[in-house]
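The two complexes that follow have chain A in common; it is paired with chain B in the first and with chain C in the second.
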Partner chain A sequence: MIAGSMLSYEGKKRAVLLLIALGVVIWIAVDAAAGGSAHWSRVLVRLPLLLTGSASGWPITGGFVLNIILSIASMALATVLGTIMGLATLARFGPIRVPSFLLMNFLRNSPWLVLLFATLYFLPFEMHVFGMTIPFPPFVKAVIGLALPTAANFSEVIRGAVQSIHSGQWEAARSLGYSTGQIYRHVIMPQALRRMIPGWTNLYALLMIATALATVTGIQDVLTILNTLLAVENERVIVYFYLTVLFLFIAYCYPIAAIARRRERAVKGESL
Partner chain B sequence: MFGLDYSWLADPAYQQWLLTGVINTLKLATLSSSVAILIGMLGAFGLTLRIFWLDALIELFVEVFRNTPPLLQMLFAYFTLSSLGLRVTDPSTGLSVPLLSAFACAAISLSLFGGALAIEAFRSGIETMPRSIIDAARSLGYGRWARFWRIEAPIATRICLPALTNILTNLFKTTSQASVITVPELMYYAGQIYNDTFRTLEVMILVLLIYVVLVSILTFAMARLEAFMAFPGYGRGH
Partner chain C sequence: MNRIDALIELDNVRKSFGDVPVLKGISMFVQKGEAVCIIGPSGSGKSTILRCINGLIPVDKGFVRVGAHRVHEMKSERQMRALRHQVAMVFQQYNLFPHRTALENIMMAPIQVLGHDRAEVEERARKLLKKVRLSEKADSYPGQLSGGQQQRVAIARALAMQPDVILFDEVTAALDPETVKDVLFAIRELVEEGLTCILVTHEMKFARDVSQRVCFTDHGLIVESAPPAELFDNPRDPRTREFLGQVL
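Let's turn to the complex of A and B:
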């Protein structure tokens, strides 16, 4: 009771979460003692394979690290495409604004999995441009397939951030004789950038989660490896493998999402 | 047009498959959306009670389901729930079969995934509500439940309708992933059709269009609902 009254509400909540974490550790220990250790050792043997795609942990040919690489490559592409698309939807010139708006909504309204499949079949195996041969291995297709919906979502983030800048800023800059391009570059973007960082970070966490879909392109990502492994392991061990992979995703995505939320609160608090 | 061959669409068998697929997709989406909204309301109500251990449990639930791929959740439900003991003995054959069908597994995991997102949306809706309204309700003598049901819920629902639209469209799009665990929905039949006809690109374009149309209808309906429910002087009611 005394200890309880000394802790704040947040402190008590954290204590409960800590207790749950402790409970999970104890459960694992008890389970291991009760015969689960054989299962856990199977997982431990396969862990380098799940993480890097090779049994010894090096070189990196797939696994969870490939998911991370895929998410970073996709995010880079999505940031570029999304910026172009976002600014295009803000354009005053109708023939630019309307098609890009339609494209953005099309991409935002289509399921990630279907879009990934469509990219997979739409893009050729390789492309010949000016005598050069650009190959499209499954990894590149996965990067593009995941970048498309992410770009559409990012363009929405950009739109939101630019539109959240008070119209007085526009009027002030215009009365000072800035051109539209200059207003974007020197007045709007520096302020909007701060406001888009939480949305961008959040989107990255979403994209990382969506990289699990890349298994349909046949690249050796963590899910492909998991499914291959499960074919050779017995049924009881499957649960342990799934829990391990679920934990990998939580361990990577939760801190990123938490940072995004904290930033969001900080940005929300700031007035014009 | 553009060298695309849609002659297979004339085949009644494929039309039937597409129709069944769309119906199953709608069933899955409706079921999991309803349960997700219910979970979201219960969770958000639980959070307003300010009970620290309940708060911690709800936060754990939200973070686990939000930070793992729904595809992985579905695979987990499909492949491991049966090995964890959820099996029944089929009386006609005497074989041990999984208690939950693929559809049930997909519905359960999508409901939980959507529920986690909905809790978060409703929570932020309640949080952004003006404190003065709650204080006014308190001073008028509203009890805990009446305050939630009559004051907080109606206002919070309207505040978080845009977020709810996002969640419902997200959930609708995620139903396509149920095809991976062989739930016979639209995406699953798409695979069946292109395995039959080898018209991969044509089938994918058509399915993509069907999804976009369905999701657009959902978004449109939600926008109408938002306009219909708006309080004068609040948000869209300006």
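Let's turn to the complex of A and C:
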């Protein structure tokens, strides 16, 4: 009790996390000794398939690596769309600001899975533009479907960062004769960009977790492969497979979230 | 004094924020090369007068002219820009750009707004830093400078635009007494060089020493305007007397 009260909040948090990790390790060890190791060896055999989509681990046709690729592609698209949407919601011109504000709120407040289904059914199989045929395979639909809500959330990150810049910066820049566009480019954005990084990173971790939803589009992501596998595996093993996939996501996302938190602290301490 | 010859002319300027009238008919004019101090209790509209002169706050009614610019007729930011090249402003909170060094803060606007040559601007900026006695701080970021140093950089930044007028908005109010005198020294030099200055200030002694004329504002009106010796020693209006009795 005395030792507990002497720990700082951060220290307590770390102790709890450590305790949980220790518990998991002990549970796995005890379970393995009680016959679980046979199940784990089944998982180990299938691990290359779960990771890359092919039983030998090469070539990469899907699996967890596909989730990572999907998250990166989606984040890239979301960053572009979110920047446009964020700047549009900041516009002083009403006919630009109001619709983008409504769209942003619509996307931000819709369930991600519903948006994913919507893009799946609304987007055609392919599109003809100026004589070119642009195909929309399930992967592209998944990228778009996940990018939409992420973009809306990112536009809020941008708006928050831009509005957090002190109004004195605007006044000073205006009094120096800068135009609104120049103020954004030379004064506001360089400062806001630093404040966006934590939010952006956090959002990426969230998006990565959400890529599990993309299984509904039928792409060979880790969850689709898992489901196929379970059809051929012994029922007792299922829980071990799910734990493995869970662990893959945690192992990938936790460090990213941790980096985001650290960056957030660094930005907070910044003296302006 | 002749109104038409004045560099800056305000006539019956009115401004309200919502239902609160801040300026209730301000009339004043400033000659070229003149240093005018505006004093008065807080909330009397001093800072608002400055912001109406460079168009940061649009006036509700009245006439504002700076040189050839008729400020009250300007409706858009775009029209304001030529005016802002002529009128520089220094703020209470310095408002330096924190992501740029002191030297870059001074160089940014002349290059990006006026389109001046970079090498020429850098030479000018270094001269100005020397003038405010901060040559050794050229590569420091605002966060690494003291308040007084930041304010002197802000003055150099305003001067780099080669303005006809500089507006000083309570530039020493946020500083500790130690550093106030460095800033006031820098401003005094500018006044002595004949730059037109309008200063909102609480430094009564400085106002008396440096300005050719002092305006006392109260409740959105200029109550009294006179040379400093006259206003401070023989205030005519009872409100001026009361205010000076409180601060001196």
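In this section, the second predicted complex is superposed on the first by the 242 of 272 C-alpha atoms of A that agree within 3 Å, B and C clash if a C-alpha of one lies under 4 Å from a C-alpha of the other, contacts with A are read in each partner's own complex, and residues count from 1 in each chain.
The definition used in the following text is that a contact is a pair of C-beta atoms (placed from the backbone, for glycine too) under 8 Å apart; a residue touches a chain by one contact, two chains touch by 3 or more.
Everything numeric here is computed off the predicted structure, so don't read it as measured data.
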Chain B and chain C placed together on chain A: clash or fit? fit
> Counting only touches as set out at the top, which of chain B and chain C does A:121 meet: first, second, both, neither?
Replying inline: first
Message = According to the stated criteria, A:84 is in contact with first (chain B), second (chain C), both, or neither; which is it?
response = neither
Tell me which partner A:109 touches in the superposition: chain B (first), chain C (second), both or neither. first
Exercise. Once the shared chain is lined up, is A:65 touching chain B (first), chain C (second), both, or neither of them?
Worked result: neither
TODO: Return first, second, both or neither, reflecting whether A:191 touches chain B, chain C, both chains, or no partner chain.
DONE: second
Larger residue footprint on chain A, choosing between chain B and chain C, goes to B
Just to be sure I read the superposition right, which of the two partners does A:20 touch: chain B = first, chain C = second, or both, or neither?
first
Requested in this report: Considering only the touch criterion stated at the top, classify A:140 as touching first (chain B), second (chain C), both, or neither.
Outcome: neither
Could you say whether A:249 touches chain B, chain C, both of them, or neither, answering first, second, both or neither?
first
Across the superposed arrangement, the tightest C-alpha approach of chain B to chain C, in Å, is 17
In chain A, both chain B and chain C touch residues none
Contacts from chain A onto chain C in the complex sit at residues 166, 168-169, 171-180, 182, 186-187, 190-191, 194, 270-272
Chain A residues touching chain B in their complex are 9, 12-14, 16-17, 20, 105-106, 109-115, 117-118, 121-122, 205, 209-213, 215-216, 223, 230, 235-236, 238-239, 242, 245-246, 249-250, 253-254, 257
Chain C contacts chain A in the complex at 54, 56, 77-78, 80-82, 84-85, 87-89, 91, 93, 95-99, 108-109, 112-114, 143, 154, 157, 161
In the complex, the residues of chain B that touch chain A are 50, 52-53, 55-57, 59-60, 63-64, 66-73, 75-76, 79-80, 83-84, 169, 172-177, 179-180, 187, 200-201, 204-205, 207-208, 211-212, 215-216, 219
